[in-house]
Every structure is written in structure tokens, then in C-alpha cells.
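One chain, chain A, links the two complexes that follow: it is found with chain B in the first and with chain C in the second.
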Partner chain A sequence: MAASTFCPALLPLLRINCKFNGVYTRISLNRRAAYSLGLTASNGVERQGLPERGNQGQRRQRRAVEPRTERMTVDQDWTAVYPTAASFKPNSVPLPVRMGYPVKRGVPPAKKGNLELIKIPNFLHLTPEAIKKHCEALKPFCTEWPAALDSDAKCEEHFPIQVESKAYVSAGPSLRNPNARIITLTVKLSSLNLDEHARKKLIRLSGERYNKDTDTLTITTDSCPMKQQNYDYAMYLLTVLYHESWKTEAWEKEKTRADMEEYVWEDSPSQKNILETLLRMRPLGEKEEEGEVREELLGRVEVQEYKDSVTKLKNEGETETNMQQYKEAVKKLLNI
Partner chain B sequence: MASSYTHVGRQIHRATKLVRRDVKDALQRRYFGLGSATFQQPAATVSGSAEEIVIPRKKTWNKEAVLQALASTVNRDPTASHYVFQDDSYLTPRTSAEFKLYSLAQESGRTAAKYFINTYPKYFQKDFANPHIPCLMPETLELQVNEVSEAALIERIQLRKVKAAVDMYDQLLQAGTPVSLDLTNDLLDLISLYGDCDPARGDAPEQRTEEMGEEQEDVKRRKGMPQKASDFLRLVWRENNNAERIFNMMPERNRRSYGALIRGMVKHGAYSKAFNTYTDLLNNRLTGDVHIFNALISAAPEVREKYVEKWDLIVDLLKQMAEQKVKPTLLTFNAVLKALRRCGSLGRTQAFPVINEMKALGIAPSLATYDHVLGIFYKAATSAQGHTEILQDVLSEISGKSFTAQDPDDVEFFKDAMRICLATKDIEQAYRVHSLLGVGENWKLLGDSYYQSIYYGRFFNLLCMMEHIDVVLKWYKELIPSLYYPNSQGMRDLLQALDTDNRLDLIPQIWKDIKRMGHDNKTELVEEMLSLMARENQIPEVQQSFADCALDVKALYTQTDRRVPLSWSAGSLSSITSILLAAERTQQAWEMLKLFKLANRVPSESLMNQFLESVKASNNAQQAVELVQISASFCLSITPNLMERVQQEFDLTEEQRNTLSDLESSTAMSD
Partner chain C sequence: MWQIMNLPRLYHRLRLTARSLHSSANGQQVEKVAVAVDPDVPSQVSVFRTSENDPTCHTELHAGQYYTLPPAHMRTLFPHGLPPRFQMQMKTFNEACVMVRQPALELITCLRKADYSEPALRYVLYGEKGCGKTLSLCHVLHFCSTQGWLVLHIPDAHLWVKNCRELLPSSSRPGRFDQPIQALNWLKNFKTTNEHFLSKIKTTQRYVWTKRESTEEGRPLGELVDQGVSRVKSSSDVVGALLRELRLQAGGAAEGAFRLAVAVDGVNALWGKTTLKKEDKSEVLPEELTLIHNLRKMLRNDWCGGAILTTLSQTGSLFKPRSAYLPMELLGEEGFDNMDPFVPIPVSNYSDKEFESCYLYYLDRNWLQHPHSRTEDGKKELIFLSSRNPSILERLCAFL
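And now, the complex of A and B:
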């Protein structure tokens, strides 16, 4: 056992030797022999790296644990399992969910290790049960609704301006969320006191912020850093729009026909044309005053009908009814 | 025009008034901003319509109220592990050792991070947190002020550097600058608190100084096996250490100086010295304060031997306290009761008067008070004779109340109460104690994970003993493993309970849990389980599940890859074999029989008989002969009996008869 006794002492030297030479020398053969001679104590100390690695490989295999869904009862409290928004955990959700592109001639992959299920947002924390519980818990923070405001119409009537703002809660190093400063103010123009000119001017001033279908003006402000500042700015904008739309500037007189928002029949080429046509149609007779003839012609019912139909066509576009109306009106006018 | 303008003005005014009110109402009505609405708006009414619209007064709440309200809707999940761990089945701890390891690993990660932040503060100056969180910023733990001055001394005291502070003080005195009395008192407080040693820095690896090393050995030698790590760090008040030296050098001393010294002495075990110092205090015509008296009362049992003397000393101290007009506090009374625990039967008579005094003074008792009372009345050695009402009275008094931590001994209450319930086998009181845990903030007083494991261990033990198996299983699912990892004794209790209520069919499930919790290397537990399974025959499905379980256990004995396998014993081998036989897995049973030889164990006679029965059922004569041969090889006394039975009950060929007769002769010769 001489080899066994001297080898451990020389081992560091031998290692250095081998590294230096870069080849396996006979000394290294001896070293390997010393290892295999069963120096159990030094083996344990020096070769601690390799057996552990083997163990770890096996340990990793051994740790196939049953998921905790096995232990969940059917009537458990789900709100305790997912109390807050969390990503999908396949070992905590006892549902056999599948998601993803199906394997060839197969089915979508199962939930274990499925990244698709983890990527998407889930609402496991907001089951109807949970929402009921949250509502119950939040009721003490609420005040009573005023009894007199029992319909939407009344709310509109007494409180025509609506202001929306959002607050954000999230876990992170900072509480602040820059999106919390945005304020959206909506108001129906019918509840504001505007005459025709003011209304048209207001609509023109607000541009994209006005929605014709619902007749609402929406002002969204986010230019200031704080919510209160944005709110003040939105109110200021509303006030300024209102006052400016009531004012009439000097240059507004120069509004031409091309600037008009809708088609007006008076003084339009259509009116001129129809008057000329009707005048031509009248039997040649006495020369009357142009003005009276015009008035009389314009007062006629058929002409009014014609005017209505043309205005409708121009303003609303071509529809079946409009075209029919126009056809009837023309027929009546021209006595066809 | 003018009229139209005024008309417009009125319109605008009315509109804006509406608008302003509307906005605030809309805010309140539609969306709740998170907190910090600090103005109270009076209830406003909108007039000018047929009905009055009364807008209610807006409520205000503090910043966390909504989150707390939502959090109150969440209960505990019994299948989940502790919240600090990742909720993944590969990453949750399954045994108590893993629990400790993982939580320590998390803590060590945090301390490592804190260490880096504090050691290289210049890289961590940017503040992400809004609002500012001071504890996340780097702390300066190094000394800034280095010249000899009072400011340097103040800094060292604040940073808790005891030796550096003492050195700075000495330097100041040598330089001739007088140090103010308050500052000297602060220094004395510091030295007395830390016993004249530097406290270990929280985030750095422990520096073992020589003194600490010596003292640890002293403590070890004196105490044998200390239970907790804190015992290792108990320091001894050395003779003439810095505190005493500085104290003696002080030109004038006030009550605070004496107080620091007395409290330090009591904390570090120099009790009689503490009393001497107190006498000095009185001789200098100063009065004590409540902290001094608390310390002396807690030291009183150490300086006297007999119960009566101890009590007399305490009463004397209390009288002096009254004379010096020092008002007692909760800690005073708790110290008295704690001392009474060591006064034997005298404690029982004096405990209630003390409590009545306390109530008369209007001091609300804390859990430590009740713990001391229970400790006085329920001594470990004495049996419960008529004292059971005390626990019930205590529980009735504190039921429904929520306690906060006011005394370091508060955390002992729950585990001691459960110990008493276990000793008196009182399951009702145990339920009451457990329900007390659910009230308010009491869960915080259950202690660290070690205390929790003791508490739940005792609770589960009592349940297994006293309750029906269904209740036990319900609690088992509730407590394990989310709150408590039972040790092998706990699992044995559970097996006992299963046995008592005749639910042995649940054993395979329990075996799965045992394996998961890592108790499958405990031979007594495994053998007990096997013997329970093997004891009687069950209905076929159960028997099959037992057989599968038994094969699983057998695998444990034979696998050599990961660790030292269990060693076979006669009992375990026999149990597994008889289970397999009863489940009619004869092939595997025969393999087991071979294992007997390999493991050098002898099978029992009943096992042989069982084998014979099964062989008869399959009517295999060859196997019967083999059985007799095996029995002969073990020199079992039952061999002749077996041989007779085989010869009679089986049709044997000539060879077999010959073999049998050879065997007969060989055994006859050996006899």
C-alpha cells in the first residue's frame, strides 16, 4: 500500500504537473490507480464534486411531487387560492385546461409548463364569488345614493357634466402611476345654453372632440402632471369654449358658402335654376315685377317640396326615400 | 343687448355653479380616488327642482383602509405553503428541514443584498420609491467623525459600537474635556445593554471575538445542551468591566447611571451585585425608578433560597417602590408573577392578590401575565387536582380579546396553554385556545416557526388522542403541511388514531404523505405502519392497495442510489410478506422469502403457516416442498409439523417424497 500512502501527499503536485504538461503521464496513471485503490476517506474529501453531481441529477429526478390540486377539495374557498391577480400556476389551478396550437393530428398542449397560459391575463382572482365579497367589504366606504336621482334622465338634467379619472394600484417600488393624472370631461351640448351660431362655432372649435351621433363634447387633458391641475385645465377649456362660441368676431361675417356646415337652399344654384325654369315655363304674358314673381313662385307648395327634397339630398346623402321624394317633387313641379 | 348680456351672464353663472358642484359629485359618485381626500364637503342640496336632491356628506378614510377592507375578505388556503415561498410544487418545502433551509436562504439573500448596499453606498443613491422608503436606502455604518470630541462619542453610541465608544470616552477624559452627565449615562446604557461586547453586525458574517468564544464555552459547559441559539450568546458580567470602571470614575451620578448598571447586572447574571448597587443608590439618597425595580424583582428569586425569603424580598421591594412613589407598570407585575413561579406553593396563594392589585390599578393584563399564572398553577410534576378550573377561567376571561405584544414573554402563552391542555387531556379548552388564535392580532403572538411547530405538534397530538378519526382527518388536512410539518412521532400518533377507529384503509394515503415529508427513513415508523397493515385481513380492494404500498416500502429497503437504505428486520420482512400473501401476490411473496436468507433474518412460524395455506389454495406441491426445505434451512421448530401436513395434504411425487424424507432425517439428526 505504499502507493496509497504517498499518493495523497503528492496529489497537488501531480495535478500541477499534469496541467503543465498537458498530457497524461505515468504519474497520473498512478493517481488514478490510487483513487481506485479505495482510499475511502480521501476519496470522500477530494472527490466530493463528482458523487454529489451524480446525486443531484438523481435528486432532481426524485423531486416529482404531486401538485397541490390533488389535495384541493371540491368545496374549497377559491378566493383564498387566488386572492389577487397572479399568473396562471398549473399546480394550483385544478382545471384541465388546454391551450395552444395543436400538435400534429393531436390536441392543444396541456396546462403543465404551458407558456401560452402564463402569458395571457387571467381573471381567476375575480370570480363572481370574489366580486361579491369585495362589494360587501367596500360597502362601508360608500354613501347613499340621493333618492331623488332615480333615473338617468334626471342625472343628466341635474348633473350634465361628467368627469372621469382613474386610480391605479400596483405592487412595485413606487406608488405613483403617471396615467393617474388623465382627466376626461364629457358634456352634452344640448344641456349647454347655446344658440345656433354659438353651437356651430363651438362644434367647429372643438373639432375632433365633438361626437355628432351622441352630441357630446369630450375633453381629455393630460398635459399637467397632477390630476387636480388637469381637472382645472379641463374646466377652464370648457368655459373658454363656451364664452368664445358666444362671441362673434369681425371676420366671421366673411363666411362664404364653402364654409357652411350644411346646405342651405336659399341663394343656391339649385334655387336659381328652378326659378329660371319655372319662369320660362310660365306663359308669356305681362311683364310683372321680378320680385313678386319670385315670391309667388317660391311660395308655391311644389317649390317648397322641391326645396325640402333637395336640402335633404344634399345634407343627408342619397337614400331611397330621398330619391323618391326628389322624383315626386320634380314631377309635380314640371307637371309630368 | 345689455339685457341679453346679463341674461347670458346669469346663464353662465348658473351653469358654472352647476358645473362646479357637478364635478365634485361626479368624482364622488362615479369613481373613488384612492384616499387623501381630506376636505369634508357639507351635504349640498340642489334647489330649483320639485324634489330636493340631497347630496350626502363625503366620507374620508386613511390611506390603507380600502386595501385592508379587501384583505379582510381573504381567508387562509389550507393546501398552500407559507406565503413567502414560491407557489410551485417543485419549489415548496416538504419537510420542516426544507422549510427552515428555504426561509434561511431567503433571509441570507436579503442580508447579502443589504450588506452590499451598505458597503458600497455610492452605487445605490438613486431613489426609485415614491413616497420615500428610508429603510431601502443605504445606511452609513462606518464612522464618519474621527476626531476626539463629544460628537464622535454620540455617533459611536448611535452606531452601537461599544468598544469604540469606550475608547473615545477614555480619550476624551485624557484630553481633559468633561463629558456631560447625560452622555455618560447614554454610554453606560450602551455598555450595560450589550454586556461590554460589540453586538454582531446584522448583515456581516459573525465575527467571533475571543471573549465571546470563551463565554460560549462557559455557557456550554455549564448548561449542557442549550435549546436555542440565544443561549449561546448569553454573556456574563465580568468583574470590573468597563461599565463599573466608568461608573466609579464619574464625578456625579444620578438615578439613570445606577439604573443602567443595575439593569445590566441583572441582564447578565450578576444578581447580588445588582442588589449591592441598589443599596449604594439608596445610600446616596437617590430614589429608584420603575425599570430598576422591575430588574430587581426579576433578580430576587436568584439571590434567596427559600420560597418565603424570596417572597419577602419581593414584598420588601414593592413596599420600597410605594414609599419612593414609583408607579408600577405591567412589566412590574409580570416580573412579580414570574418570580412567583419559582416560589412553589406560596405562589399559588399569592398569585390572585397580585392580579387583583393589578386590576385595581387599572393595568390591563397581557398574555404574559396569564402565562405566568398558568405556570404557577400547573407545574409539570404535579397532577391536576382541582386546578383545571384555572385554565378555563383564564380562557373565559381572555376569549374574544385581541392582545398586542407588550412583554417578551407573551409568546410563551400559546404553547404553554396547549401543553396544559395536552397534559390534562382537555380537548374543549384546546379548541378555545385555538379559536383565541384567530381573534384580531393574536396570531402575531404565536412566536417564530419553532414555537409554532411546538404549538401545533401538541395540538395535533391531543386531537389524535381524543377525537374521532373524521375530525382528526379534517384537522390533518387543515394543518398539514401548510402550518406544521409533523415529526415521526406525530405520524405515529396519527397511525394510532387510525387504528383506534378502525380506518386502516387510509394507511396507503398516509404513506404517501409520510414519504413526501421525508419520514420514510425512520425505521420505527415504517415498521409500525407495516405491522398495522399486516395484522388482519381486509376486504380485497383494501388488501390490494396495502400490497402496492408494501411493495413501495420494499423498494425503500433495497434501493442503494441516494442514501443509506433501511436495514431489514424480521418484523418488517414478515409484515410485507404476509401482506403480499393476503393479497394473493404469491410470486412476490416467494421473492420476499428469499430475502429472508439474504438479510439473515428468521421468518416466524405464523408466516410459514400462512404460506402453507396459500400454497394449499394454489395446490402446488413443488412449492410446498420448497417451503419445507426453506423452513428446514432456517431450523424452525415448526418444520416437522409442516412436513407432516405437506405429506398428508398434498399429492407428492416420488422425488418429492424422497426429498422430504431426507429432510426429515436431517432434522431428526440435528435435533
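And now, the complex of A and C:
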């Protein structure tokens, strides 16, 4: 009923619009319709004028234009069609793409009027051509790659610590992106000067950050607000880890067998068992001392083989081949 | 393929000839006849049964063939030892036929060659579920008993760590638990198996059971066993004493010397977890059970004059996944360290030849009733469905 309240005031305006500008006829038609809904008596005059103007409006309807894809050549410059990230425009992309869940015994819907295609992110603005153009545009701002570093190995050798950071550029109310403060520092432990104890301690201290397969330590810092601060913090962490792993604390002496990273045969129950068995097999003579006999027994080839097979079993896990090896070693040792 | 098609005919011919020669035959003659009758048939396709029933004489030639366990021995040797499905098969077929397979032969050769003045050797049979570890063990035990050894057979160690109704605190030692029913059953079976040894072996120490009961030094072992059978409360301690006596006296230099075969099926139960709970609902550890404790002492190789034959078994085990079959998986760290050094002997599924023998045996016993199972295609189906696993094959054929 809003129409009825302001219609009298607008009436002279509408009439003026009709006369001067053909475009506004449709709008005025709508308004007239609203107007005509609200009041009945005073509309009689205007209603007579309606049919004429309706014909004019219908003749002025937009004709369907052929899509731009029809006029695209195969070797056109695609970077001009999609210079920046933009939503999917079906009439601009000359590909017969289909997307969506098909109705029963149908096919996925076509691209025309397909909301699914519009919703998803597309990379039509990042074709290899476009990226080449970006690189060409960035080249004036870059320095040359040093000629001496022509292989990965050399890079590794001269620059063992690799620091990664991301910079973000986007247009928005603010230029800053909080994700730009994250720093990732990777270093291979083989390039650090560590002895056995230091290496094991470093691995234990770094925990999840160490990758055994590639022997790399990865430190990711994001606790400080600025990139520079995070970089300093990451370097500080690396320094601390290195120095701490070289120190030996007093309580490290209490390391038990259960804490060991890998199986060590010396002083294991397996060694004790085999020594006892061998001693029982040939009992101690009168002049022989136990220590010497132990050394002699441990030095035998069969015992060494047995030791290798047991260590392999425990460290690498059980497989048929390991079991076979163990069996052979035991048979040789016990003279079966 | 024509060779396999000829099998039923060949087999019938051989059976007739075998019967005619049976009165005077020993194993070799039957096989010679087999070779003579059809010399162009390759030696893989041969008789599936051998009449060599003495495990002492089993050799590589008999591999893949079935031999019959004499029924007279059955009751004494295996009062509790055979797997339940095999016992059902025995009742159905009216005979106990065991296949001679390579792992058992290997074990028998090792036992024959071993030096019994040295500490007891430990053998562990391992393999996937249902591939014949328990039956191989029974075969080897048959061999041991024909050689006159004393057989100490614990049919399934898992039975001692689960489903125990009565768990009594031990009378002799605080902190330990007795299992009177299990100990009683085992003592009864032990008595059946080793009747003739019980009067010969004497105790070396005085054992006091209660204030009024004790067994003196020098009494025959039979009395010790009777003590355990009659007084159920102290049966677990009796088992401990019995094991100790046997350990001390096996392989001695005296004329009453005997060799001891300790056979434990499901040895991984000794170092696993139990499902028994104490009164305050806390879990009972295996070492707190008297039977397990004494058995562990038995499995150490600090005694000589015998052998320790064990099998790993996932079937009755507690808290182990179904796919576990390798020694370290089932024994665990502790078990491996205790059993080390041992000789692991893998038992695998049937080979082609063994599968042939099994198939022919079932045909012979008219166990495969379905007409399709007698065809080539049926046989291939059986191979595919069971992947040559003995127990799965047996269960499949039971439906046919």
C-alpha cells in the first residue's frame, strides 16, 4: 500500500518521464501498475494510455546476442580474455564444460546458466602464457642467479639452511596479510657438525619436526607478528638445539635399554643367553678364566653372525629372509 | 594334464597290487611296485598313502604321504594332544592318518643328530593359521615316544591363561595363584601317557604338601602324581615338583636315564597377557600363575638330555591380531628374549604334491560326495578357495 500513499505526488513526474524518455516507459508502466492496484477511480484516464505504451515496451525488448565465444579464434590471446581472477563467464569461455549432478538418465548440466561453475574458483587467468607474462614483468626487479650454483648438491653444500617465506599481494581494504609472517627453516642434519650422542639428542629434542627419510629438520615459526622477528626466532631455535645437543646432562647416564632408539646386542638378554648356552656346552676348564672365555666366545665367527642376525631382526622387523638368516646362524652356532 | 586324469585309474590299480602284497610288504616294496606298474608316470604322481607307520623310518621319500597312527598308541600317546577337528575326522574315518611333511621331517632329523649331553635345544614351529603346526608337533611326538622318550605334552598353553573358574591363592608361595582344575586334568593325562616311566623315576627331594602330607625322597614319581590327582588343592605345586624332578633327572648318566621331550603348543601364551582377574579386578600377570611359572623354568635350556619342541599359535591367543604369525609378533619382546636362541621352523601351506595327496585321501575316504568335486574343475576350485591351506581345505571339504 506504499504505492497508494505517494502516487499523487509522483503523478506529474511520471507523466513527464513518459513524454521525454522512451526508456523509462517500462518503469513507469510498473509504477502505474502499482498505482493502479492502489486506487481505482483516479486511474481511469491513465489506463486508457496503457495499451499503447505496453506495445512500445514489448517491441523494445532486448534481442539475444550471440555469445562472444562464436567470434573467438583458436590462436587468440587468452590473457586478454581473463587478465585477472574473475568468475566463470559461460559466454567468454569457448569450452563445452559440464558440471553438476546429472538428473536420472541425464548428463551433467551444460555451462549456460550453471551456478556451480560460477561458484567454484577457476584458474583461467593463470595459464602458462599468463605466467610467462608475469615472469617477464617481474624480471626487471630480479637479480641474476649465481652461475656457480648450477646443481642442487652445490646449493646444499654452500647454503645448507633454507628459509622459506611467503609474500601476499591482494587488493582489499588493507595491504597486509597476517600469513606473511610465517617462516619455515629446513636444514639437513648431515650438514651439521654432530657426533652420535648429539645427533640422537637433537632428534629426540626436535621430535615431530625431524623427518627420518630425508634427514631434514624443519622449524616453522609463526608466534611473532613480524617476518623478521620470526626469522630471528627460528635461527635462535636452531642455535639452541645445536648447542644443547652437544651438552651431556648428569641424568643422561640413567638411560635404560627401553630408552634406546635401536637395538644394541651388547649387554642384551640375547647375548647373555647365548653366552650361557655356549658355556654350558663346553664347561670352564680349571685354568681358564671366565672373562677370557667370554672374549674368546664372542670373537667367534658364528657368534658374530648370530649377533648380526638378531640385530637385523630387532631393528628391521621380521621377514622370512631375516628369519632364515637367524635360523642358519643358530644352527651353525649350536652344531645342528 | 593327462597324467592327473589317469590318477584314479592308477590309484585303483596300485591299491589292488598293494593289497595283494600287503601281507609281506614293507614300505619300500609297495613303492617299488608303484614305480614298476607305471614307469612312464612321473614320480610326483604317486601313492598318497604309505604303510610305513614308524616315524623313525620316515624320510624324504615319504614326504606328502599319509601314514596311519596305530590305534593302540593313540589313547596313551595323545589323550589330549590332537586338535579337536582332527579328532572328529578320526572318528568319522575310523583311522588317524597324518601327512608326513617337510617341517616334521626336518625336526626329526635334527632330533636324531643332536647331542644329548649338551643343553636342550629349543625348536619353534611357526606359520600361518591352520597350516599344520600342531599336527607336525604330534608327528614328532609320535617319533619321540617310539624312541622311548618321556613326553611332556602341554596341548595348549592358552587354556592355562584364560577361562579359569577357580583361581586359588597359592598355598606354598604368597603372591601366586593356583589353577587346580587345569593342573588336575593335565596330571591325569600325563599319567596316561607316561605310565611306564612313573615307577622307574624316583624323587630326589622331600616335598611337604601340608602339615600331614609329604612325599619322601626316593619315592617313585607315580606316587607324586597320585598325590596331585587325589589332593586337588596342591595339584599345581605337584606339577611344579614333577617338572623339577624331570628336569634334574633327564639325560643322566645312570642306567635309568631317559630323554625328555617337552612339547608346548601355543608357547606364546606364556609371555602374553591373561584374561584372569584377581578379586580386586586387577589383571593377573602370567608369572603370578604357578603353572606358567614352572613351565617357564622348564623352557630354559639349563638342563640337558632332551629337546624342547614348541609351536606358536594365534588361534587361542589373547590380544593378538589374526594375521600375526611370525615369532617376534606372537612371542613379544620378552618371549623372544627368553626363548632365544631357538631354531625357528616355518610351516607353510600345502605344496602341489601335498595337496594332491590330501585330495586323493578325501576321495579315498569318500569324503567328497559332491560330483563336481571329483572333476578337474572342482579340484581347481578347491585349490583356489582354500589357497592350499590345510584347515580351510578340510572345512571346505566337510561341506561337500
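By definition in this document, the second predicted complex is superposed on the first by the 259 of 336 C-alpha atoms of A that agree within 3 Å, B and C clash if a C-alpha of one lies under 4 Å from a C-alpha of the other, contacts with A are read in each partner's own complex, and residues count from 1 in each chain.
Keep in mind that, in the parts below, a residue touches a chain if its C-beta (ideal position, glycine included) is under 8 Å from a C-beta of that chain, and two chains touch if they have at least 3 such contacts.
Not measured: the values here are computed from a predicted model.
Student: What does the overlay on chain A give for chain B and chain C, a clash or a fit?
Tutor: Verdict on chain A: chain B and chain C fit.
Student: Taking the superposition on A as described, I'd like to know which of chain B and chain C A:320 touches: first, second, both or neither.
Tutor: Touch partner of A:320: chain C, not chain B.
Student: Which of the two, chain B or chain C, is in touch with more residues of chain A?
Tutor: Ranking chain B and chain C by residues of chain A touched puts B first.
Student: Is A:92 contacted by the first partner chain B, the second partner chain C, both or neither?
Tutor: Touch partner of A:92: chain B, not chain C.
Student: Between chain B and chain C, whom does A:301 touch in the aligned arrangement: first, second, both, or neither?
Tutor: After superposition on chain A, A:301 lies in contact with neither partner.
Student: What is the contact status of A:334 with respect to chain B (first) and chain C (second): first, second, both, or neither?
Tutor: It touches chain C, and chain B stays clear.
Student: Using the touch definition from the top, say if A:140 reaches chain B (first), chain C (second), both or neither.
Tutor: first
Student: With the two structures laid over each other on chain A, which partner does A:250 touch: chain B (first), chain C (second), both, or neither?
Tutor: So A:250 meets neither chain B nor chain C here.
Student: Counting only touches as set out at the top, which of chain B and chain C does A:74 meet: first, second, both, neither?
Tutor: Touch partners of A:74: none, neither chain B nor chain C.
Student: Minimum Cα separation, chain B versus chain C, post-superposition (Å)?
Tutor: It comes out at 40 Å between the closest C-alpha atoms.
Student: Note which residues of chain C are touching chain A in the complex, please.
Tutor: Touch residues, chain C against chain A: 110, 113-115, 118-119, 121, 301-302, 304, 326-329, 337-338, 340-346.
Student: Give the list of chain B residues in touch with chain A in this complex.
Tutor: Within the complex, chain B contacts chain A at residues 8, 11-12, 15-16, 18-23, 25-28, 30-34, 46, 49, 51-59, 61, 65-67, 69-70, 72-80, 87-90, 92, 94, 128-131, 477, 512, 516, 561-562.
Student: Sort out for me which residues of chain A touch chain C in the complex.
Tutor: Touch list, chain A to chain C: 268-270, 273-274, 276-277, 280-281, 306, 310, 313-314, 317-318, 320, 323, 326-327, 330-331, 333-336.
Student: Give the list of chain A residues in touch with chain B in this complex.
Tutor: Touch residues, chain A against chain B: 55, 58-59, 62-63, 65-68, 71-73, 76-77, 79-81, 83, 89, 91-92, 130, 133-134, 136-138, 140-144, 146-149, 158-167, 169, 173-176, 192-193, 227, 231, 235, 238-239, 242-243, 246.
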